[in-house]
Structure formats: structure tokens, C-alpha cells
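Below you'll find a set of structures to go through.
What follows is a pair of complexes built around chain A, which joins chain B in one and chain C in the other.
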Partner chain A sequence: MVLAALVGLWELYRWVWTSAGWTWPFRVDDTSMPHVWRIAKAFAEPAQVNQPALITVLLHKTLFTAKEAAAGFGLGAVVGFALGVVLVHSRLLQRGFLPYIVGSQTIPILAIAPMVVVWVNPKLPGSLQGWGAVAVIAAYLTFFPVAINTLRGLQSADPRALELMRTYAASRWTVLWKLRVPSSLPYVFSALRLAATASVVGAIIGELPSGIQSGLGGAILNFNQYYSLEPQELWATNVVAAALGIVFFVIVVAAEKIVVRRAPENVA
Partner chain B sequence: MTSETGPSLGGRAARQAGEWVPALVVFVLVIAAWQGAITAFSIKQFLLPAPGDIVRSCWTDRHSLWPAGWYTFKEALGGFAIGSALGVLGATVIGRFRSLGSALMPVFIAANAVPIIAFAPIANVWFNPLSPHSKMAIAAVLCFLPVLVNTLRGLQSASPRQIELMRSYAASEIEIWRRVRVPTALPFLFTALKVASVLSMIGAVVGEYFGGSFNALGVLIRSDAQILNFERAWAGILVASVLGVALYAAVVLAERLVVRWSPERRVS
Partner chain C sequence: MSEAAVPAVVRIEKVTKTFAQGNVTALQDIDLELAPGEFVSLIGPSGCGKSTLLRVIGDLVEPTSGTVTVNGKSARQARNDGDYGIVFQDAVLFEWRTVAKNIALPLEMLGWDRARRRQRVEEMLDLVELSAFANHHPWQLSGGMQQRVAIARALAFEPALLLMDEPFGALDEMTRERLNLELLSIWEKAGSTVVFVTHSISEAVFLSTRVVVMSPRPGRIAGVVEIDLPYPRTVETREEPRFFELVTEVRELLRKRGEHLLPEEEQLLEDAS
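Our next item is the complex of A and B:
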């Protein structure tokens, strides 16, 4: 239903703007906003002669990008969670590193992507060559929300419960696993939802400067060059990229439903 | 106010300085290790330039780097302002009608999971790639959703008891808005603005990757990386990060000035 509404809005906007001849905020024509059915049809047609239909090409590229994003997501989530666990135990480390963890996110990731590819690629075993570096970039975008929210979640444990554990002389490990981790789960999952999207963004951005052609990012860059001739192909690619982001998000939400049974208190 | 200033200004300043000492120590250690590793293992300059060289490049290329940074910063700032304003406006309208909010929320959440960066080339086509407006557009779209969702959540998180109390005093809707809903929403709004400040800078730089005027930072970093002038590329990244941190710090400062109550409820 939402999809139908979007398609309707798109065509309505097109129709109003072209028939009224409005050029603000931008000129509406077949290039800037191709008809929805042209985008849909682009899936079925081959993008280049002697190639399978665009949809099969894009599916392969999507799987490739999904692999990068999933690997990055896993790596980033583990690193982020570990960072959160380490930081919660030391005020000193928190003060020393937290500003840089926050600061690391202001670095425009695209800018460092080529350097990451140059560093990481030679150190990877053959099967990981190429896409492993992109996964690292995806992980870089993933770890931040997870680390910050894990820290907040671990700190959110009820102080009374903490005192109780202490009176029973519970070890740090017991406190961590029996009390802190369970109380942090709603926070961690709200971070993982953010991270799911971020890992897809990271995988797509990471492909741009690294010259990897077998993923969605490469496809976007490629179709961007032919946009004035074949706009519907770039649009089709973007629709697929959007769908991939939503699929990742839905998977995390489903996992959350299974793991976290109680209602998360208003977590940002 | 006067009682809050504490024992003495000097004592407070010293305590605040103490908060930052560990961060400074880490900073110095990392820079020293970086420079040391490069001299010790004679790492090649194209892999990782020495921090000293990067800072020197910041200075020697100041006539190209800083104006480019400023140009990109203006794009990011414009996008940040437009996107955040639209987000707050949207949240205000939707927050007024509860049913509208619950109907649209899933759409916003789904839209939030879309890798919006993939649409940067289309924004370039819509609004002339050489004009700063195309980058403002992509930065604005990036900022819009987090601000909208968080502000909406903030407006809805006012405690029902407070609102009933206001009603029992025959306060008008506007009065309730001004005295209850907006104050509770402000911490949520600032959380979103902090996220948006970082996103806007990334959006502007990434948007420039798909083409932009030659005096823009993203274009500069990309072309420097291509001709293996990594010192200047890193200097450009440094400039982008400094500007991103500056925008973030400005938002934090504004938050300190505006939200003076209940620091523990602040969602960092």
C-alpha cells in the first residue's frame, strides 16, 4: 500500500510539474524523473547487449554487496560490543578514548576508503581480496553506534541489583553476564538496527573508490555515467539498494523480537 | 544560578581540565607512536604519511585546502539547516495528529533504512552537479529523517500526568506545547541534531565525489588520492574532520546553553 502511494505521488508530481511547466526546484522531464513503468521495465531488459536481464545482473551485485555488508556488520558489531564492555569497566579508558570514538565518526569515510583498500588488501588471503577491504569500511561505520549504545546499556543496570550482586560477592564476570549484558540488550539492538543500515551504506560507499565492479556501488558509479541516456537503470539500481537496506533492517528487527522479549524502555 | 557556580571558578576549571587529561595523553601517545612507527619501519609515504607531513601540507596548501573546506562546509551547513528545519516542522505537524504519526512512523523507519547516499548522483542530476545546491539537497535529505523521528519521539514522550495537570489548570494547547512538550522534546532534538551535524558533512563530501565544482573538498581529496598525492589527501581529510567536529561542537554548545535541566535524561 505504501509502495502504491509512493508510485502515485511520483507520477502525480511528474504530471503536475510537467503540465504546469514548473522548473522549481528542478526541471521535471523523462531524464530527471523517468516514468515508474520505465524503471520497472528496465529490470527485465538487459543493460548491455549480450547480457542477461538487468535484474539478474543486479541480483548478483546485490548478493556481493550483501556479503560485504554482512561481514562488516558482524565485525563491527563484535568490535563495538567488546569496546563497550572494556570501556564500562574503566572510567580512565572512557575519558581517554570516548572523545576519539565520537570524533572518528566525523571523518568522511569515503575519503579514507581508498587508503583502507590500499592498506588492507595486501594483508588479506586470496579469497578475501577486494571485498574484504570494503567489509572493513562497513565495519568502521557499524562499530560506533554499537560501542556507544553497549556502553550506555551496560551502565543502565539497576544500581540496586548491582549492590545485591556485590553483597553476594559475585565476580565481575558474573555481574557482567547475569546482570549488565541482559539489561544492555534493548540498547544494543537499537544500535544494531542503526548499524544494519550503516553497514549497507558503508559497503556501497566503500566500493566507489576501490574500483570494485561486482557490487552495487560499482553499478551506481557505472550507470551514473550513462544517466543522461538511460536514467531508468540508475533508478533501478537505487531501488535495489534501498530494498537491500530495508532487508538488513528487517532481519535485525526479527532477531530482536526473538532475543529481547520484554519491551525496551524508550531508547533512542 | 550563583549557588550553582560552586566553590570557585578556578577549582571547577581544574576539575574540567582533569576530565580531559586522559584524552590528551591518548592523543599524544597515538601521534608519537604513528610518527615513531614511520621512522622506525620506514613505511612508505603513499601508505601512511607521517602526521608531521600532513600538518605541514595543511599549511603549505592552505590557499587551496581551506577555501575548499569552507566551500564544502557551507554546503553541509545549508543542508543541515534545511534538513533539520524541515524535520522539526514535519514532527510538529505530525505530532499534532496522533493517528497521522502512527500511520506514517513505519514509513519513516523504512525510509531510514534506505542507503540515501546511493541517491547522491540523482541529486546531482536534479540540481546541476556544479552548483552547491545539489550537495545541500543530499545533506538535507540525510539530516531530515533522524531529526524528524527523534523530535517526534520527544514530543510524544511528555508525561501524561504533566499534561493532565496542565489541563486541570485550564492551560491552552499552545501553553501545554510551550511549557511541557517542547521542553521534554529538546534533549531528543539535540541528540538528533548531533547526528545530523556529522551526517551533513559526510553527505556534502560524498555528494562531491560524484562530481562537483573544482574548489570543493571532496573533489580535491579524490583527485589528490588519484595522483597519489596522499599527504594532501590526508590534509584534506583532516580539514573535513576539523570542520565536522566544529559543527558538532557548535551543536553541543547550543545544547548546553538551551538544555540546562536534567542532565541524566539527556540521551547522548
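Our next item is the complex of A and C:
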């Protein structure tokens, strides 16, 4: 329904702007806003001669990017969670490290991607060559929200519950696993939802400086060059990229439903 | 002294607690002894240190001076040995755990195996009459039921001592009176010693074998009232003349201390007149 409404809005906007001849904020024509059916049709046609249909090509590229994004998401989630666990136990480390963690996110990913490729690639075994570095770049975008929210979640444990654990003479470790981690899960999952889409963006952007052609990033770069001639192909690729992000998001939400047992109103 | 025959469960000697912040003397020279099986209430206005005293017994707050012995050990040792169970004003249940799992929490800490845990949890659910709710989550229960789960959790490992910090303070009067009766029957069955902090005079008199009346600034014991009402106590107990006499006695003690004004308060009164 929402999808139909979006398609309707797109075509309505096109129709109004072209028939009225409005040029603000941009000129609407077949290049800037191709018809939805042209984008849809583009999926079925080969993008280049002697190639299978675009949809087949894009599906392969999507799987490749999904692999990068999933690995990056996993890596970033683990690193982020571990960072949160370490930081919650030391105020000193928190004060020392948090500014750098925040700072790490202000560096544009395009600026560090080439370095990551140069550093990481030589160390990777053959099967990880190329895409492994992209996964690391995706992880770079992923770990941050997870680390920050894990820290916040671990700190969110009810002080009275912490006192109760003290009456049991519980060790730090027991408090962590029986109280802090379960308390943190709603926070962790809201970060994972963000991270799910960020990892897809990270993987796509990571492909650009890595010169990887097998993923969506490569396809976007390629279709960018032909945009004025074949705009529908870039649009089609964008639709697929968005769909991939949504799939990641939905998977996280489903996992959350299974893992987090909470009063409905308490889910962060 | 008869401790040789019946060793005290809790012995508090000359305990003073000052909080560095604001230089408040929360407790001053407290001496108190609890015999096994006693039900002792601590009552007094806010700031009289009754909750602090309870926390000192539980080694959640360290006294500035004086000693606390629980089961013949230091309070620290007693806490590490799991010698007491505690119930707070709020149930403090873990919402990701079911009722049964919440009750099993201290048993997991003690390393009980699964079969033993399950059996004890069943017994405790039976005791607090919540067997039908074993697999419910805390948010599906009423406040009174949640507090019963908290009591079951505190008693699950059969501690010799039960510390209760205004456990029914957040509940309505009706639920409170019903839980008072239930707590007494649990106490009679479990046979543990109870320290019960409360604001309510009638609750203290109804439940206790002794009521310790405390006064604020600095927190001291203003007097101790022996409650000689026979057990088991019932709904009718609250209507007996002796009940009213004891309530009055506690109230008088609370009021008498209230008349001892602080110097600055006397000054204020003089200024006003």
C-alpha cells in the first residue's frame, strides 16, 4: 500500500512539474525522474549487450554486497559490544577513550577507506581478498552506535537491582551476565537496527575506493557514468540497495522479537 | 546475659553512621539485639535512619563506628555467605525473567543444580500462592503479586534472616493488610528472623514481636515496645483493645521524641512569638 502510494506520488509529482514546466528545485524530465515503469522495465532488460537481465546481474551484486555488509555488521557488532562491556567497568577508560570513539565517526568514510584497503588487504587470506577490507569499512560504521548504546544499556541497570546483586555477593562477571547484559538488550537492539542499515551503506561506499566491481557499489559507480543516457539503471540499482538495507533491518527486528522479553511499553 | 543459650541472630553494638555529605548523623550509638525467630519492626519519621540501620545490618552501608554481627559473623562475612534475604519497597524483579526464574535467581548464584532449583521454586510458589503464575512475566502481575514474588525470592535459599525495607509501602491499604496476614503465615512457616522497616504504626504493631521506635537527627532508638499480642494474629487482632493500647504506646513514643526540638527549631518558634 505504502509502496503504491510512493509510486503514485512519484508519478504525480512528475506529471505536475512537467506539465506546469516548473524547474524548482530541479527540472523534471525523463533523466532526472524516469517513469516508474521504465525503472521496472530496466530490471528485465540487460544493461549491456550479451549480458543477462539487469535483475540477475544486480541480484549477484546484491548478494556480494550483502556478504560484505553482513560480515561488517557482525564484526562491528562484536567489537562495539565488547567496547561497551570494557568501558562500563572503568570510568577512567570511558573518559580516555570515548572522545576518540566519537572522533572516529567524524572522519568521512571515504577518507579512510583507501587506507583500510591498503592496511587490511595484504593480511587477508585469499578467500577474503578484496571484500574483507570492505567488510572492515562497514564494521567501522557499525561499531559506533553499538558501542555507545551498549555502554548506555549496561549503565541502565536498575541501581536497586545492582544492590540486590550485592546482597547475593555476586561477582562482577555474574552481575554483567545476569543483570547488566539483559538490561542492555533493548538499547543494543536499537543500535543494531541503526547499524543494520549503516553496514549496507558502509559496504557500498567501501567498494568505491577498493575498486571492487562485483558489488552494488561498483554497479552504482558504473551506472553513474551512463546516467544521462540510461538513468533508469541507476534508479533500479538504488531500489535494490534500499531493499537490501530494509532486509537487514527486518532481520534485526525479527531477532529482537525473539531475544528481548520485555513489557511492551518498555522496549526502547 | 543469655546469649550463650540463644545466640543472637543480629547484634548491633554502638553503631554510628555519619554521611560525609552534609555532615549528617544518620545513626548514633545504636545498640540492638535480635533473638532467633523474632519479628522486629523499625519505625520512625523520615530521616530517622531506619533504612540506614537495615542497610548496615545487610552490609550495604558501612557503619562509621561500632560493630554489627550477624549469625555470629561480621556483617560482611554474613553477606558473602548469603545469610540474609532482602525485600525492598519495590519488588525489583528482573523483567526478562519469568516469575519462577526470578525466584530461582539467588539459587543460581549459590550454584544449585537445576532439579534442586525447580523443586525449591515450586515450594516457594506454593508458599506465596502464585503457582499458577510461574511462567508469567513480572509486568503481567499486580503490585501485590510482584511483592509476593520478591518475598519468595528472598526466602528461597532459607536465610536465617529476612530484611524488609518498607516492602508494602507502595501498595494500597487493602492489599497491604492482606499481605501483612500472608507475611505472618509465611514467617510462622519459615521460622526466620525478620527486620521490618515501616512508616505505619498499625502495620508494625500488627506484625511484630517487638517494635523499635526511632527518632531523627541524630537517628537514635527512642524506645522499644514489646508486642504481647498472641500469634497467630488474624483480622480480629486489629480490633482488640490491647492492639489499640500498643498502637497508642508506639504513637506516644514517636510524638514524645517529636517534642524534642532542635535548637534552631526552638529559635524559630521563639522568633515567631
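Keep in mind that, in the parts below, the second predicted complex is superposed on the first by the 262 of 268 C-alpha atoms of A that agree within 3 Å, B and C clash if a C-alpha of one lies under 4 Å from a C-alpha of the other, contacts with A are read in each partner's own complex, and residues count from 1 in each chain.
Note that a residue touches a chain if its C-beta (ideal position, glycine included) is under 8 Å from a C-beta of that chain, and two chains touch if they have at least 3 such contacts.
Bear in mind the structure is a predicted one, so any value in this text is a computation, not a measurement.
With both complexes brought onto chain A, simultaneous placement of chain B and chain C is permitted, the two fitting side by side without a clash. With both complexes placed on chain A, chain A has more residues touched by B than by the other of chain B and chain C. By the touch criterion defined above, A:119 reaches chain B but does not reach chain C.
Of the two partner chains placed around the shared chain by superposition, chain B is the only one that A:238 touches, whereas chain C remains out of contact. Draw one line from the C-alpha centre of chain A to that of chain B and another to that of chain C; the angle between them is 80°, to the nearest 10.
Residue contacts after overlaying the shared chain place A:166 against chain C, while chain B stays out of touching range.
When the two structures are aligned on the shared chain, A:188 is found in touch with neither chain B nor chain C.
Minimum Cα separation between chain B and chain C in the superposed model: 14 Å. On chain A, the patch touched by chain B and the patch touched by chain C overlap at residues 266. Interface of chain C with chain A (complex): residues 58, 60, 79-82, 84-86, 88, 90, 92, 94-96, 105-106, 108-109, 137-139. If you check the complex, the residues on chain B that touch chain A are 19-23, 25-27, 46-48, 106-107, 109-110, 112-119, 121-122, 125-127, 137, 150, 153, 157, 188, 191, 198, 201-202, 205-206, 209-210, 218, 221-222, 225, 230, 233-234, 236-237, 240-241, 244-245, 248, 267-268. Chain A meets chain C in the complex at residues 158, 160-161, 163-164, 166-170, 174, 178-179, 182, 185, 260-263, 266. Note for the complex: chain A touches chain B at residues 2, 25-26, 31-32, 92-93, 95-100, 102-103, 105-112, 114-115, 118-119, 148, 152, 196-197, 200-201, 204-205, 208-209, 216, 220-221, 224, 227-228, 231, 234-235, 237-238, 241-242, 244-246, 248-249, 266, 268.
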